[in-house]
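Chains: A, B, C and D, in written order; residue numbering restarts at 1 for each.
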Amino acid sequence: MSDNSFGHLFRFTTWGESHGPALGVVVDGVPPDLPISAEMIQRDLDRRKPGQSRYTTQRREADEVKILSGVFEDERTDGLRTTGTPISLLIENTDQRSKDYSEIRDKFRPGHADYTYFQKYGIRDYRGGGRSSARETAARVAAGAVAKLVIPNVTIRASLVQIGPHKIDYANFDWDQVDQNPFFCADPRAAETWATYLDGIRKAGSSAGAIVEVVAEGVPAGWGAPIYGKLSADIASAFMSINAVKGVEIGEGMHAAELTGEENADQMRSDRPLPKFLSNKAGGILGGISNGDPIVARFAVKPTSSILTPRQTVTTENEDSDIITKGRHDPCVGIRAVPIGEAMMACVLADHMLRHRGQTGREGGIGFGRNDL
Amino acid sequence: MSDNSFGHLFRFTTWGESHGPALGVVVDGVPPDLPISAEMIQRDLDRRKPGQSRYTTQRREADEVKILSGVFEDERTDGLRTTGTPISLLIENTDQRSKDYSEIRDKFRPGHADYTYFQKYGIRDYRGGGRSSARETAARVAAGAVAKLVIPNVTIRASLVQIGPHKIDYANFDWDQVDQNPFFCADPRAAETWATYLDGIRKAGSSAGAIVEVVAEGVPAGWGAPIYGKLSADIASAFMSINAVKGVEIGEGMHAAELTGEENADQMRSDRPLPKFLSNKAGGILGGISNGDPIVARFAVKPTSSILTPRQTVTTENEDSDIITKGRHDPCVGIRAVPIGEAMMACVLADHMLRHRGQTGREGGIGFGRNDL
Amino acid sequence: MSDNSFGHLFRFTTWGESHGPALGVVVDGVPPDLPISAEMIQRDLDRRKPGQSRYTTQRREADEVKILSGVFEDERTDGLRTTGTPISLLIENTDQRSKDYSEIRDKFRPGHADYTYFQKYGIRDYRGGGRSSARETAARVAAGAVAKLVIPNVTIRASLVQIGPHKIDYANFDWDQVDQNPFFCADPRAAETWATYLDGIRKAGSSAGAIVEVVAEGVPAGWGAPIYGKLSADIASAFMSINAVKGVEIGEGMHAAELTGEENADQMRSDRPLPKFLSNKAGGILGGISNGDPIVARFAVKPTSSILTPRQTVTTENEDSDIITKGRHDPCVGIRAVPIGEAMMACVLADHMLRHRGQTGREGGIGFGRNDL
Amino acid sequence: MSDNSFGHLFRFTTWGESHGPALGVVVDGVPPDLPISAEMIQRDLDRRKPGQSRYTTQRREADEVKILSGVFEDERTDGLRTTGTPISLLIENTDQRSKDYSEIRDKFRPGHADYTYFQKYGIRDYRGGGRSSARETAARVAAGAVAKLVIPNVTIRASLVQIGPHKIDYANFDWDQVDQNPFFCADPRAAETWATYLDGIRKAGSSAGAIVEVVAEGVPAGWGAPIYGKLSADIASAFMSINAVKGVEIGEGMHAAELTGEENADQMRSDRPLPKFLSNKAGGILGGISNGDPIVARFAVKPTSSILTPRQTVTTENEDSDIITKGRHDPCVGIRAVPIGEAMMACVLADHMLRHRGQTGREGGIGFGRNDL
């Protein structure tokens, strides 16, 4: 049991505060002999990095990752390979500007974790939110990059599908568009709408919520587990653990409540080597176990609580006060949540692949013709 | 790591199949010296029990619970008390009618876990869904009854808030109504609408989805943990682990995406002994830690996949076929999910209370006046 | 985290008190499609069963096991097979004679866990030691029988190698002798000496300690883990968790302190397909990982604390008193610890096989010729 | 489940290889608001540090620890305090001299983990033993220093009690002597004998085994758990996880086998506020739970396998070869194991205090007069 760890066989532990000297992650349980490089991990980190457009925080962090353990030079190639021992990854904090946060030492920012950390621990590193800062998610993205090595046949992609009231049109959905706009948006038209909308939000000193959709293709049938180790339950936990997330959906999600049994259950037809589903309302998971179809999951990110409108709050002495959170904040934290969602999905899947392999000796489903095995 | 266990300090493990001789749960980590009785647990089980109205399965199970360990006669009173050792609870299966399911031995029921279990394990107890049957949730409800003993100051209640397209009107919300209708519905008008709607669904041999809302009052600020042990993440995992659940929300949930920062962040005012929040968009959780306000969470249950309309499927030999699932099924499994949702919430909270107490030595938040401690 | 569970991928949870209605175990993580039967488990239970000779307690328990879940009829044969879901095993208590223990309600038996349970929990089921009774080990033996199914190529055997001051002579060591005497002793001469010695001990109302040696053959190189998941650490934990155990050794054990580096390190010579070790001082484990040689481990069991000589103690009111523990006790609990040691070894190895397979995709070591893989 | 983590509520994860850039530990679950400093941790590290006498390796490592997270400046004092978030500690490797190890790339050193790592992972960082190097124990010692903060009323001390065939005389035992000789030996006469003995061993290029005794005073009755979470089982696991350890004992240990029931069970007499035990054969633990007496545990460390005598071995191509392990090695690794044993004991006890507090709400035993509580 560890409040800062995630996963079982593929298990990572993060540490670090927003304005401490560094943050990092220890990834344990990585299979040996996988090719790895700092560049690989850096590519994913760069996608999450702050300051890449006017829609994300202007804090300038290089987020440069160092591999401190768990790898060794491979004599057959020139590169590094994992050794099976824990991989420690370190990212130094370089642009903290701690004085921006002097006001929040004595006041609780509404919508933030300031008050709850205070009540839990009685002491907190208030600078930039300390441990509750979204900077911790850099460590997750680094862990996710390692997780992807474990499941090379799985493709994980994500798109922002809603900002504020504006949803994408799935008719326009094109994965290739995701890296063509500052929103990781698969619908180029929606991206335009969002640009206008967010410019307004940003100028008003306000902020907007968002929804991220994560899709994993190439997951064979059979990963997951029946009851509490459900693949869906672990995805829900993974996404809900991301800062500011308030809702999680698999497949039809909350909307499943409005369907009838006929509309909801995906019918099947025979196919080779495996049967096919005629629809994917299930989001690729039945009874907590993957069914071979793409895994489709979404999560809602609330609007950044740091806004320029004065809000009512109390001080650490329990006295009334007002607060404006200046700092350098994301008008829509949902944007940078896209690579984080991908990373968490990768970690869940890597863990479940290893667990499935451990229990069954197979990396995928049993297929058909059990007597032939 | 155990796919059939949930929780850490308060931890339970369930076992049993739909048509096996019995099912049960072992609850570990229960504090000693708490008053307990089989009647207490039975009361909760009776709320979940099948066959109580025409809107739930007609399978007749007494669901009678036996306490096999972990309790001892208290000489001071006449009752039983917990001893701190694991509490084993057993429920015998009495009304299995296995022949109802003979057809499904060789076919996968769309929307069910039949296919995924087959792919994962290569062997499955197909009778009534085996381990993936909702009968397992009786064990959860029993565990939840024990969990409530651990957190006596917390009141956990739930209401069905939506069936199919029909939502309750929160203006009519009245907890006292929940046990006055066959839907666990806090809005008596909605209950009437649902009765008509579900009668139609039932006669059509179809089924409907639903949304359950669970509210926990009396949780002090401070329970939960910052990162992966977030109270919200554990609630998400708990709810998503319930059969047929496809979405989970805390507070504003998926709708948080549509709010601005001003609308979303709950402002605070000084009060005694603790400050108050002027709204509860957060659903009682900030940064993964309880803030002292009621915890409000929802989950969506997909429509029962067992319907009378013929559906396309494949056989265990990967050949095309059709299937009608006769059996005795709930037209809306969401109804019986209400006490299950309460039970899972109780288990999550009991676990987090113990974890919080372990780490901090306190059962609640630090309050104000830290220097006085 | 669960104080009544053991293992990770292969994980079991026991429950039950000495004089409760039943005791049992839930075994989780068992791979699917393994042949299993109650008879198989019963055979192991029968070896541990009380009352089989005058050297063990005269309590008469059938220790009859029932399989309540996790298995299904195999159509290809007539037998049962595991399904991958949790296997719940139940053993009813039938011969409790609770009145024998009426005196110990108010007094702490020296050497027993009475006082420590009282201090920990403030309440305890004093009848026959309650949860701390060695009856719990029946559940371990049942779990061990399941574990053996997971590692069919491994042979686990154990022998008592010392009772009181009398050690076996390894020159006489013969596994076939183990079931030919009431001591599970591989040295028939030692068994004779022990018979005489224990008769004296028994008549004097005293008790004797013992040492059990457990050997696992057929474990390939590669099981275990480098640091805290060491195979040796898990064996130490497993053995030390058995009632009355005070010491654990691997290979040379405590005696390793007296060796020089030359004497201790097992030299290697090339062989096919794998090199061989010229000795086995390591007891089959190097750096926490199996090396392919037999795993050799020992544990010391203290003498039964229940003796007929009056002992000084205190009451639950902290007043001086004397106590004679009548009951029906083993003059040497070490004897019945032999099948328990085998069972715990089987559980540790089954767990590590699954973990190794999960992390590496292999069931054994990499062998030689890595480039050919 | 994590092979590189230890503990549950107090849980640490170590990482790093002997010749990588650094090693470190993340300590999770530390209660908030405890005073902490790098100096505090450094003091313990300095006791384990290599190169402090001619009896330990001549590798020169500063072992300078940096605190990277989990602490915050306390405004009431000038020092740092824990915040409840994970504490990341980093130690850079500065004196690796990797070329010393070039020979071992292609050969397995007898008695080392080289062969087993190779079989498990198929790839290994052979430099200095990589992950299996005793350098990892620096991270344990750092974790132990943090653990001590959690249990300030417990005094943990250790002494070497045997080197090779030479045992201490307990009549001379004096804790104040431990830091007066290069062996952490509580018996000054034994220290003299050892000096002579080890000089011979060192000159002969050989090595010696040793036994360490760890004593924890001030542990109240009630810590631990009945079955698999036994305090004794966790100590056994903790000690057996230390490099080169082959045996673990609690109280009378292996010798308990030779005692009779009368000799072994510690009698009790009434005392205030708590009764006293008339002896401590149990080593402070009964039924897996502390009894209030000092906890006494020992572990045996095998002789360093790195010796100058040529040994028979095989190459990574499975061909016969000889090897002399030059490097800079401890003639008796048992010496530096003394602070490591203290650290592991501290970690086990800190974890169990938190677990006990979580489950029972108390930090110690219930005392007497339960009705007054």
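Simple rule for what comes next: a contact is a pair of C-beta atoms (placed from the backbone, for glycine too) under 8 Å apart; a residue touches a chain by one contact, two chains touch by 3 or more.
In UniProt terms, the chains line up like this: A, B, C, D = Chorismate synthase.
Only a predicted model underlies this, so the values are computations on that prediction, with no experimental measurement involved.
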| item | value |
| --- | --- |
| Common touching chains of chain D and chain C | A, B |
| Most distant chain from chain B by Cα centroid | D |
| Distance from the mean Cα position of chain B to that of chain A, given in whole angstrom | 26 |
| Chain centre separation (chain B, chain C; CA means) in Å | 38 |
| CA centroid of chain B to CA centroid of chain D, Å | 44 |
| Interface hub residues of chain B, defined as touching at least two other chains | 1-5, 8-9, 14, 29, 32, 84-85, 120-123, 131, 226, 355, 360 |
| Interface residues, chain A side, partner chain B - complex | 1-6, 8-9, 14, 108, 110-113, 115-123, 131-132, 136, 162-165, 201, 206-211, 220-230, 232-241, 243, 245-272, 274-275, 278, 282-283, 285-292, 298, 300-307, 309, 311-314, 316-320, 334, 355-356, 360, 364-368, 370, 373 |
| Footprint of chain B on chain D - complex, ascending | 1, 8-9, 29, 31-32, 76, 84-85, 226, 354-355, 357-361, 363, 371 |
| Chain C-facing residues of chain B, complex | 1-5, 8-9, 11, 13-17, 20-24, 26, 28-29, 32-33, 66, 68-70, 72, 74, 81-88, 90, 120-125, 130-131 |
